[in-house]
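Following are the structures in question.
The same chain A turns up in both complexes below, where it pairs with chain B and then with chain C.
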Partner chain A sequence: MTIVTQSYPKTSWRRFKASAFRVMTLLALLFVVGPALWLVLGVVVRAVPNWKWSVLTTLSQGTSGGLENAVVGTLVIMVGVLLVAGSVGVLTGIHLAELAPARKNGKAGGGLFRLAVDVLAGFPSIVLGYAGYVALCVALHWGFSLLPAILILSLMVVPYIAKSTESALRQVPTAYREGAEALGMTAGYSLRKVVLKSALPGIVTGLLIALAVAGGETAPLLYTAGATNSLPSWSLVHHPISYLTYYVWTDYNQPSAQAHVVSYDAALILVVLVLTLLVVSRLVVARTQRHSESFR
Partner chain B sequence: MLVRRHEDRAWRISARVASLLPVAGVAFIVIVLALKAWPATTVNGVSFLTSSQWVPGNTYGAVVHTHGVAHPMGSSYGAWPLIAGTLETSVIALVIALPISLGTAFALTERLPRWVAQPITFFVEILAGIPSVIIGLWGVLQLGPFLASHVYPLVANHVPNVPVLRFFRGSTGYGEGLLTSGLILGLMIVPIIASTTRDLFMQVPPLPKEGAEALGMTDAEVARHVTIPWVRSGIIGATVLGLGRALGETIAVAMVSGSILGKLSPNIYGTMTTIAATIVSQLDSAATDGTGFAISTLAEAGLLLAVIAIVVNLAARTIVRHSASHAAPVGRV
Partner chain C sequence: MDEFRKTDISPDEIKSVLEVLDPDGERPRNVITTSGLNLRFGDQQILSGVNMDFPRGTITALIGPTGSGKSTFLRTLNRMNDKVRGFRHEGDVALEGRSIWSSDQDLLDLRRRVGMLFQRPNPFPMSIKDNVVAGAKAHGIAKGKQLDVVAETRLREVGLWDAVKDRLNDSPYRLSGGQQQLLCLARALAVGPEVLLLDEPTSALDPLSTESVERLLRELTPALTLIVVTHNLGQARRVSDNTMFFYEGKLVEHGATNDLFNQPRETNTARYVNGLMG
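Take a look at the complex of A and B:
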């Protein structure tokens, strides 16, 4: 009986701690969702009242005018990154998942290549931008232009694509590969027709996230892509190319109200662009998960 | 059949060539940084890490040579305020983000019904992809001014004047500074830590938790003695990964830190700068230094940042991989 009387006050203290814990978890959630909603809605609410659709069809004049050049420039840069980083990243992922021989202890192989991808993912984006500026723009005399921008952004997003491709390939059931081999397919043919096909949603997700990152980056572009108020030209070097994040970054602290409108317009287009890509990528994931469950 | 055998080889060769490109990319960046940083390293010496001066010197005046490296007269660089600023903002971000992420992960896995938790999980994951320039825009034009006029003065006027807490007193500024940068960084790394932790909590099998509950533990005790220890190394890995992101974040911090060079912030609200923010805001003016010494100094700062960020990042990945490949120990407290 003594035990019970002694433990009683402790129990109420424990009960208090338990309810405090519950309150704290919900408060924590509030501290994430609250500011995040404020962030997204805050940008949208300040941008929408001044929004004109002509922004998409007029060229910028720096702190005023439209953003047609920046929208087109961002899309051009994203297509370039998709081509360069997409092919390199997907092939690197294939190499890491399928072709690199496994280590003796049974763990995944590809030591040096895997390390390079991890290290690349760890570089701060401004450091990549700096290297692009001094080596590509200055030392190689390419100037602020499309090619250095695409190459530096690609270096930045290749790890995302390689990692997501690798994990998508590793989730393909072994039975598929064995079935393909039993039918007499060569390794390359089965990779293209069977393995890559069932890993495709995972790969596409990685590509979409990489595109969202590429479209929303600022630091690596400031000193590689340069700035211009004209539409992108077809030359890879010597001609600066404009992009949306530049106008957010340069116009937010200008004195004129018009500059703030430009800044928020660019931010709104970016939010819509990036969120669309991310939502689509999540829908792809949701779809595949539904499929993979029906397989079981 | 011949074509198919060629296809085999085509895949093999192209994948091998492609996977060499990241290796080449890393080599390219490291070599460029090291070559560019070398002149600055020889002139700035060890005091680069401890000095607080950031004086470009007279870029139109006489050129002096130190150790055979040309630099403008009177130039003197010290990165201590940048290093300290980088560490301070990252620590603030971690101190804020870790408990909030753990709480969020608990709320999402244990407390909320599925139909509420699922859209919020989705939202938190999306948050990780919001461009940093937009977070910076919101931070400098909306969050910062709000905190500076409504929250900071409240804290600064009511905190007692004792050793550690003294840092929270004094002038609260206009919302650009150390604490705002730390808060913004915290918001940016919460999605990384929270969504990883949530996934980890989902992997904790229900039986040990139910067993602990059957022994009379409250849900707070189950969380502390069963769930968190079960996935501890994974949480540490995710936290360190978030730290890596906070250390290297550039644009958002450049927008909300106030970008003041050459001095440390006297209190937690003051303007400051970080290594990454300095590189992005100083590269333009550094290009006016005809001797190239300012550019070289920025390379030294960049190299320093890259080394810190990569060590942190690799450590995080090793911890995460380690925790993923080993089964969780049963009943370890």
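Take a look at the complex of A and C:
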């Protein structure tokens, strides 16, 4: 056996490649972090100087007044999406990862379901919104209201939640499953007590992105939620409901400084809402993962 | 002899006295019996024609070169292979005389009675205490305050209590590898198994931890019946009563450990136990 030392690349060349790779990853990171910072700062810089806490406690009057109705409306819609899309999405993910029978060649089963989920994920949100308007608001006579808004937004984000749940479950170490199986736990028991627990961070992250997307979405809501200056009523249908992105969008297009202030306020509130969601979920995850393998 | 016959002890009384003297008397002497067992993955024959008895309260070592089917055999005994793709079996495995595949054998109960310890420690992502009682909880063996008792008893049994009694709510992954394996053993014991299957239980451990696990295994008999896969021939000699030697898809030889190591009947066995193979 001859050892071909001269075929090793030169150290300097390897160093160069390593640092070039580093620079590329940093550039990519900048591409993400830069705009994010710029957007958040832009909103903060424009909104904070004119910020009045009374926006949170005053109802809107067209293009002036406060945003109380919109804040409450957005929160109600988000809770609705969390309940509907959260349960449907997580259950779909569990089905795809755990229950769909594997195919003969050993590949993961549930191909049709997965295709359906992918198709749904590829739909433009405005098309979903219009379909919702035609099917729910008009055909079912629900009008602009909370229920169609929640259903359409849920339909939009269920794919995210299902996908992230599925991949989180697939990453659970086989050793946990076999350990549970060998102790004589049923598949359902081991799923609930062992497997889901270790998949939780992935699932929560998916839910979170979905919620943030839903909270920041405008197009489907224009078609389904309508607009109103009053607080949400307790009825699911027949009563329009207001939401923050509506004011971000419409007030920004008004030729009045007053309206622009409201528009920036709405944007700021949305940003804060999403950031709060992020922090809270990280805390929840840290609390449930204190016994996990990666958290020593 | 005549006098003995005259005593008027009923057969039932005799039976109950015998029961006290020897609670295992009525049960089959062999806990597990395999007969004509052939194991396959797809078209590949892994093992054929394995006939073997595992007497109650003994330790049996499974030795043989890598790929000889030791793990496959072991995992068949508590049906962990059943869900593996392409797995086929012919012949039978009986637990106390009843086939493990018979329809009136509950799979979950089989797994409770035939426990398993894996090569790499695999504690669950929950606290140390919850790990010990996880199986006991699942089978409804204990609940509430009883769980604390179960946890303490089993941790004492494996000699881990003093090391962990102040950190029962801590993560198990902060324990050393050897301690994690002992924790998994405590977890397996907490469901009250009759048989334990161990697949190279000490291969990830240092010599000192290995020694304490081996001592523990000896202490678990004769209450339990153990079947241990090991690549460590010294370990097979030290802990086991009987040894099975697998080679090229066959159970080549089995017998009392001393005999098999000192007077092997087959040349391949001799070569393997003398370190001349693999």
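By definition in this document, the second predicted complex is superposed on the first by the 236 of 296 C-alpha atoms of A that agree within 3 Å, B and C clash if a C-alpha of one lies under 4 Å from a C-alpha of the other, contacts with A are read in each partner's own complex, and residues count from 1 in each chain.
Methods note: a contact is a pair of C-beta atoms (placed from the backbone, for glycine too) under 8 Å apart; a residue touches a chain by one contact, two chains touch by 3 or more.
Here the structure is a predicted model, which is why all the values come from computation and not from measurement.
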First, second, both or neither for A:Ile94, with chain B first and chain C second: first
Chain B versus chain C as contact partner of A:Ala28, first or second or both or neither: first
Touching partner for A:Trp249 - first (chain B), second (chain C), both, neither: first
Chain A residues touched by each partner, larger count belonging to chain B or chain C: B
Partner chain(s) touched by A:Tyr189 [first = chain B, second = chain C, both, neither]: both
Partner chain in contact with A:Tyr176 - chain B first, chain C second, else both or neither: second
Chain B/chain C common contact set on chain A: 186, 189
In the complex, chain A residues that touch chain B: 14-15, 17-18, 20-22, 24-29, 31-33, 35-36, 38-40, 42-43, 46, 87-88, 91-92, 94-96, 98-100, 107, 110, 112-113, 116-131, 133-135, 155, 158-159, 162, 186-189, 191-192, 209, 212-213, 215-219, 222-223, 245, 248-249, 252-253, 263-264, 267, 270-271, 274-275, 277-279, 282
In the complex, chain C residues that touch chain A: 78, 80, 85, 107-112, 115-116, 118, 120, 122-127, 130, 134-135, 138-139, 171-174, 184, 187-188, 191
Contact set on chain A toward chain C in their complex: 102, 106, 173, 175-176, 178-186, 189, 193-194, 197-198, 289-293, 295-296
Residues of chain B that touch chain A when the two form their complex: 4-5, 7-12, 14-23, 25-26, 28-29, 32-33, 36, 99-104, 106-108, 110-112, 120, 122-127, 129-138, 140-143, 187, 190, 194, 218-221, 223, 244, 247-251, 255, 276, 279-280, 283, 295, 298-299, 302, 305-306, 309-310, 312-314, 317, 325
